[in-house]
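Before any comments, here is the structure.
Each chain carries a letter (A, B, C, D, E, F, G and H) given by its place in the written order, and its residues are counted from 1.
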Amino acid sequence: MDVAANLRALFDAVADGRLDPAEAERQVLQVVSATSIENLGFARLDHHRADRQGFPEVVFGQGKTPDQVAQIAQAIVSRGHSLLVTRTDATAYAEVARRVPDAVFHEQARIIERRVPEPRGNGVILVAAAGTSDIPVAEEAAISAEVMGNDVDRLYDVGVAGLHRLLAELTRVHRARVIIAVAGMEGALASVIGGLVRVPVVAVPTSVGYGASFGGVAALLAMLNSCAKGVSVVNIDNGFGAAAIASRINHL
Amino acid sequence: MDVAANLRALFDAVADGRLDPAEAERQVLQVVSATSIENLGFARLDHHRADRQGFPEVVFGQGKTPDQVAQIAQAIVSRGHSLLVTRTDATAYAEVARRVPDAVFHEQARIIERRVPEPRGNGVILVAAAGTSDIPVAEEAAISAEVMGNDVDRLYDVGVAGLHRLLAELTRVHRARVIIAVAGMEGALASVIGGLVRVPVVAVPTSVGYGASFGGVAALLAMLNSCAKGVSVVNIDNGFGAAAIASRINHL
Amino acid sequence: MDVAANLRALFDAVADGRLDPAEAERQVLQVVSATSIENLGFARLDHHRADRQGFPEVVFGQGKTPDQVAQIAQAIVSRGHSLLVTRTDATAYAEVARRVPDAVFHEQARIIERRVPEPRGNGVILVAAAGTSDIPVAEEAAISAEVMGNDVDRLYDVGVAGLHRLLAELTRVHRARVIIAVAGMEGALASVIGGLVRVPVVAVPTSVGYGASFGGVAALLAMLNSCAKGVSVVNIDNGFGAAAIASRINHL
Amino acid sequence: MDVAANLRALFDAVADGRLDPAEAERQVLQVVSATSIENLGFARLDHHRADRQGFPEVVFGQGKTPDQVAQIAQAIVSRGHSLLVTRTDATAYAEVARRVPDAVFHEQARIIERRVPEPRGNGVILVAAAGTSDIPVAEEAAISAEVMGNDVDRLYDVGVAGLHRLLAELTRVHRARVIIAVAGMEGALASVIGGLVRVPVVAVPTSVGYGASFGGVAALLAMLNSCAKGVSVVNIDNGFGAAAIASRINHL
Amino acid sequence: MDVAANLRALFDAVADGRLDPAEAERQVLQVVSATSIENLGFARLDHHRADRQGFPEVVFGQGKTPDQVAQIAQAIVSRGHSLLVTRTDATAYAEVARRVPDAVFHEQARIIERRVPEPRGNGVILVAAAGTSDIPVAEEAAISAEVMGNDVDRLYDVGVAGLHRLLAELTRVHRARVIIAVAGMEGALASVIGGLVRVPVVAVPTSVGYGASFGGVAALLAMLNSCAKGVSVVNIDNGFGAAAIASRINHL
Amino acid sequence: MDVAANLRALFDAVADGRLDPAEAERQVLQVVSATSIENLGFARLDHHRADRQGFPEVVFGQGKTPDQVAQIAQAIVSRGHSLLVTRTDATAYAEVARRVPDAVFHEQARIIERRVPEPRGNGVILVAAAGTSDIPVAEEAAISAEVMGNDVDRLYDVGVAGLHRLLAELTRVHRARVIIAVAGMEGALASVIGGLVRVPVVAVPTSVGYGASFGGVAALLAMLNSCAKGVSVVNIDNGFGAAAIASRINHL
Amino acid sequence: MDVAANLRALFDAVADGRLDPAEAERQVLQVVSATSIENLGFARLDHHRADRQGFPEVVFGQGKTPDQVAQIAQAIVSRGHSLLVTRTDATAYAEVARRVPDAVFHEQARIIERRVPEPRGNGVILVAAAGTSDIPVAEEAAISAEVMGNDVDRLYDVGVAGLHRLLAELTRVHRARVIIAVAGMEGALASVIGGLVRVPVVAVPTSVGYGASFGGVAALLAMLNSCAKGVSVVNIDNGFGAAAIASRINHL
Amino acid sequence: MDVAANLRALFDAVADGRLDPAEAERQVLQVVSATSIENLGFARLDHHRADRQGFPEVVFGQGKTPDQVAQIAQAIVSRGHSLLVTRTDATAYAEVARRVPDAVFHEQARIIERRVPEPRGNGVILVAAAGTSDIPVAEEAAISAEVMGNDVDRLYDVGVAGLHRLLAELTRVHRARVIIAVAGMEGALASVIGGLVRVPVVAVPTSVGYGASFGGVAALLAMLNSCAKGVSVVNIDNGFGAAAIASRINHL
């Protein structure tokens, strides 16, 4: 058992006064980490994350070369973990598919994934989107949540300009254990839903809009200032982030 | 008839070639203006405004000394016009009351006014406010609209966090000819109302909120990005401005 | 009569104590909505909107695929409603034209439309634009207003840098029942017009400019801070939104 | 049973063709709402909220007069509900105490409350604060959560400048079912905690800081951009909002 | 003499009481304007501007089609005026050159021009640029100033990071009657020059930079906050605007 | 002649090779500066400025203690220079008056001054203010300009909401050699004046306004984006800065 | 030796398989931290910091009660460490002085300190301030640096509007090992100094200014965009932060 | 010796009273500068910089044409100086390579360089990057530092979401003499490192992120507000700037 042996050596040095306790601590960290971090040079994979956080490392595709994405994907899959790459594209997928042939690409959601069985969440995550243009972000949330082991219900184009569209679906709204509310423009959907339910609502502002929407800032601010209780917010267009939180809640 | 005489003199000069037409134009402007503008030194009262715009000049109290406010108020009243001073306070009122004894002060709305009969608008202006804290701005709008000759219906504390409060009053909402929607925080009230009615909605963002409401910016942006048709917006806390527009519409 | 039958069943359940009144309410909403909302999966068409708001649902083209736009267009036309698609392009038009052959595309205004007779407004809507570069937004407003049943008068390139251009057209300005003032850069046109007339002015800031115009923010702020009464504002470049408000006013 | 009687009358009118279904719907809403909304003129209390959302209406004290706060407090208490007033002060408390003598005031947290037994949450909510100056916001969160029926663990002054302070308390961190991370300045605490745990983290940026902290904006942006999964965000200084979400999660 | 005849007719109507003086004024404006404004439909050329402002109308090329630019150019040239088109490109130039064959295109400065003799300014305008990357804006200023009848001295790459480069050219700096200081990044050049001379300095922030330069905002703010006297500022990258002011000053 | 002696010593050292030319340069600077800079410890008075820039050093009162202001004032007066302190108050004046008994305080303009004859400017500086609330800033400009040796014409309350007030004064507008245009809110006055004249216009945005005026930012942006030629801008509320530029122009 | 004993117990548990290595790591952290962190309830003092970072914990006074400041101060002094409290005031000092009688208060710099001998830095830290109003921030930097064991040279009122004031002191500038450049308004001082020297420059923007200085943002942006090499930046008004960096550099 | 001869002539003129000392100073500057500044027309090369600042002029490639970059590169190399071009691309490199055949291009870092031996720094500069997407900026820093004569240690993908990745490398962290911390998103890496070490940390925010990262502003603000001591900040993505500072520190 290498880890234990290493730790013992450290400890003896402390006991003998050869090693300062603070220095020992530093080395203990190194020993423990060495077993769970895989260094690819440009990336350090934190394989311990599945244990620590309930789901393995997720790959943020933006700003990485296709080759980097593919190398990381392969390393994750080789450990038997679920693969989830967000903010990616067809070029990266081509590279990933060469190494992980059964990976799947969702173009609208910009996701590459390969699922292995994950612990199931306790209830349904409802993903509500205000308009048709918000669907790509909503799909990023919905697919991410599914890969993480959750049942997902999709409720799209229920923005507040036509309130009846939402009110007519209250049964589905009330059935959810967590709700992800996706909206651009004035982002009022989150407040309206937040006022109707008793479960947590994760609001996702989208960059849908123009002019004074400032790429989603209007919706973001509206959601942060929601007068309804129970609404928390993630970054603009961050469908994945909402799914991660909703999944954590759904797995409690 | 002085104006005509002056104009004739100008014209003769043009006809004789003694005066350049462009210069003549400039002087024509001066002649016509001279009859309608009263120069107090620190202020030029545009008494022609009642004719041109349907309501006399309104006094913006902020940044004026009590004495300045009172002098302007007196000049307006002496012409037999309605008096409306906004963004003012008790100190200015004390000074105004010395010269215009029957002027009235509305503390919450920060308005000094003295009404004379104005042409009546055609319908009712509904002033809807999202929360109790928005009432001062709503009252600025409501009182201003009344002074301008409109019937006003007040509907307060109907924010979207408790949608039933608004839905229960739909009859009053549908009865209005123009609606002023006053809301701070995420400002969603304007969108929800805009989606329910066929009349114009004037949205007033308020500075109610804190943190990322940025003094009303969140509500302002939300209202500008409303996905509902028929919503236009005025400056933050500008209850008077909303009333002026609503009154123009109501007097068409 | 299905709706009535459904309502009766609900009611009986309430009367018998089998159904909670709040649950009944929720189901009433569902029954009523079912008759007016058409669910295309990615979109829920609110066909009731023509009744409720005086004009059928308008399609916001941005962020929708050509196929989505075309499906929605077809569904609207099949109900005999006026078709109005904004912020669209030639690609979407090609797809729409396959299903709605007599639809018309306005390239500069980025509008696809197909008109059916709408109730006529009471007066003329004047669309004033400050500069040549503002014309696309002005045309979005003008064509939208026309589709909605309004007479439109266009007055272009009358910005305040050459005040005479506007002053020379005062007759047309005074003839309008509502005015849409379109301007970029410093957006002063709205204030100058607002000070000259007694009718409502809907100001549209445009993204025309550079540097510290910040994509139309300078004009937006100027318009929100207009010292002239009677000016309300819509989002940057939102010609359609201004038309919707002006049309509501013009149809009062 | 009045509600049923009213509903029946409506229904008969629909069945007879005397009433349009859409109008019936509107009236149904009114009937149902009438039983749960108490109109104080300046405020409409939504007593139904406890049923609908799991906790009664909470009073946002800012911008309300002491008398308004006290009237609302009395109305809530008279229904037997828990009382929670946030963003309030000693002056309002004096007025509340006259009508609700056993109400309690927490000065640092700016809360007035009076507890009645609420359903207990399932686990512990950990409230972690980065610095001493963040404690008022943390206390707003902690006390709010307690009033809503949750067990709370407080962990203060564990900011990332001295990482050992947090690492030394990992046992308490891992014991929580939900974590509220309160931090001003660069707000890094939320990311560091988010990377260590598998439960949801609600991040509260505070306005602690100066200069380019812009009243909490720096922390807000940092938290929205957290590279750690499972972090969602509420408004700056919104301790109560975080508690409401955490409580919803803890009561699932 | 048509103008006079028209004015007389108006006047008679006023004298006879057939015409209201205010209406007369309006018509006078129209008559006078009619002689100087040429309406191209999409543009109203203000040919009076040369008289009123000392230089004919300048064409802002951005947002205009090549055809629009060419039509306006032709109309200006046909009156014998200097032609100056800014923010334009080779495509527009091709179109202009077809109608105004001797027009000249300056690619770096993005200017099309055709000079006719203008009144000469009294002194030299110095155009100082901080870095090589600022030269396009500096050239827009320099060429515009030359077309307007000014002698121009160019002093490029004298930014404050190497102060000696500027100090070594103080003789040229002191010889200027007006100075245009062009700088991006931190824009300190304007302050340093402003502190060395007694003539007016027009500062032009440029969008040169990246990151927190925010497209020239950093330089703009620095110049607005200059601790040196005698520095005024124009819009980001507005070389032409600076030239127009400098030329006005130089022609006093 | 000490300066010469010092310079010679330096030079000899260079000639002998004892001193590096670059080091010599540094010392030459020190020698020359020593004669014109007076070091008070907390301030270094640049008495050379009157020669170099045409007017002595002006004291920016904000952030200085009354004692600091008074010491600097005394040092300036003792050299026989004009005294001009801006952004100051009555407390500082009390201290200044003890040391410079004939100094004058202008409360509205927040200026302390004591005039000595300065070279006279060539023409009149017109200070135009849009509204009564802009007068303090306008007065800062007007008094500063007077102290610097200029004739000033004040034209107040001529904002664009009542265009006639300005048009009626065109004669005075056209008589000016430089115009300072002071306006808050939407700041349109600068553009309108800029389009009417051929002389340079210095625009001063003021912080008059509220909400989305953002303390003068709306006016600032409007002025920077002016579509009129010949308008340059200074910092918000910077009346003095505008006067300094106008005076430089007027003294050319 | 308790620490060693604790570590051994942990280790044995690992070796026996009774304890997971990751859990062991967590406990090692706790054991090591326990010896260096003092928990006052509202604050956790990191006494290890002097060893780890070269200077003991510094107290950020803002947002702490006088009693909290005093308790922390006492705890620090009782360990024999240097005391440095920043952003504090006379009220807090009164409380501190009761427990640490020989503590000293610097009002202008808002610092409470009590020095013990610290390791001396290698050279001189020059603190340069642009204007008199920047001195409080400069003093915060200067005193902090002195308490941390550095020699400090103060060079005040050397802003770029009078460049000679700086150039005349080049000898002192060149003698420094690190330079702290403190400036508000346009913040150009940092760039000018950065271009003259070969040592690191730490730039401190101050909130001195008004209008578009936005509380120091203009200076901050200018400094971040400095075209001179070797300039890094700290938060607005953060004199202490600059001193901490300069001291670290000076102690290398 | 020309410089000396020129200086003598100047001096004689001063001594004879033929030349004003201030004028002499100006000419001294010119004489000294003439020997070190090479004027290419579009650029003035400051060859003195290597002496004055410890490293020759560095070329900022952005906004320069390939030909301009190549001319400057050639001039620098011809003096025997190290060549370093940042923010450049393959097109510019092609042009440079024609004139400086042994220049090297680093695509990821966007750098062209050609090294000559520079004085070696005293220790190691550690470049730590939070994520894989931050590597281009980190490489700009690392290569720049190497060209300037420093030993560089690269530590990539050690962001705070997986704290163990950093803690496991503490030995390398503690070995550095200066640390450059590169991070986008919430930028927390700088604070965490700043809290662990005693050496100066230069933080580089990157534009990695989306939505409310605002192109790196979130990371920038977080770093400016770091609660850790010893952290200063450069512009977003400014890897070179960080290297320049670190190199200055490392060469002390």
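What we mean here is this: a contact is a pair of C-beta atoms (placed from the backbone, for glycine too) under 8 Å apart; a residue touches a chain by one contact, two chains touch by 3 or more.
As the structure is a prediction and not an experimental result, all values here were calculated from the model.
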{"item": "Joint neighbours of subunit G and subunit E, given as chain labels", "value": "F, H"}
{"item": "Repeat of interface B-D, chosen from E-G, B-F or A-B - more than half of residue-number contact pairs shared", "value": "B-F"}
{"item": "Centre distance in Å when subunit B and subunit G are each reduced to the mean of their C-alpha atoms", "value": "52"}
{"item": "Averaged-CA centre spacing for the pair subunit G and subunit F, given as whole angstrom", "value": "37"}
{"item": "Residues of subunit B whose C-beta touches two or more other chains", "value": "29, 32, 48, 131, 162, 195-196, 211-213, 217, 220, 224-225, 229, 235"}
{"item": "Residues of subunit H defined as touching subunit A within the complex", "value": "131-135, 156-158, 162, 164-165, 167-171, 208, 210-213"}
{"item": "Subunit F contact footprint on subunit C (complex, rising order)", "value": "130-131, 159-163, 185-188, 191-192, 194-196, 209, 211-214, 217-219, 221-229"}
{"item": "Residues on subunit F engaged by subunit G in the complex (per definition of touch)", "value": "26, 29-30, 32-34, 36-37, 41-44, 46, 48-49, 57, 60, 62-64, 68, 87, 205, 207, 215-217, 220, 235-238"}
{"item": "Residues of subunit D defined as touching subunit A within the complex", "value": "52-55, 58, 122-123, 177, 195-200, 202, 220, 224-225, 229-235, 241-242, 244-245, 248-249, 251-252"}
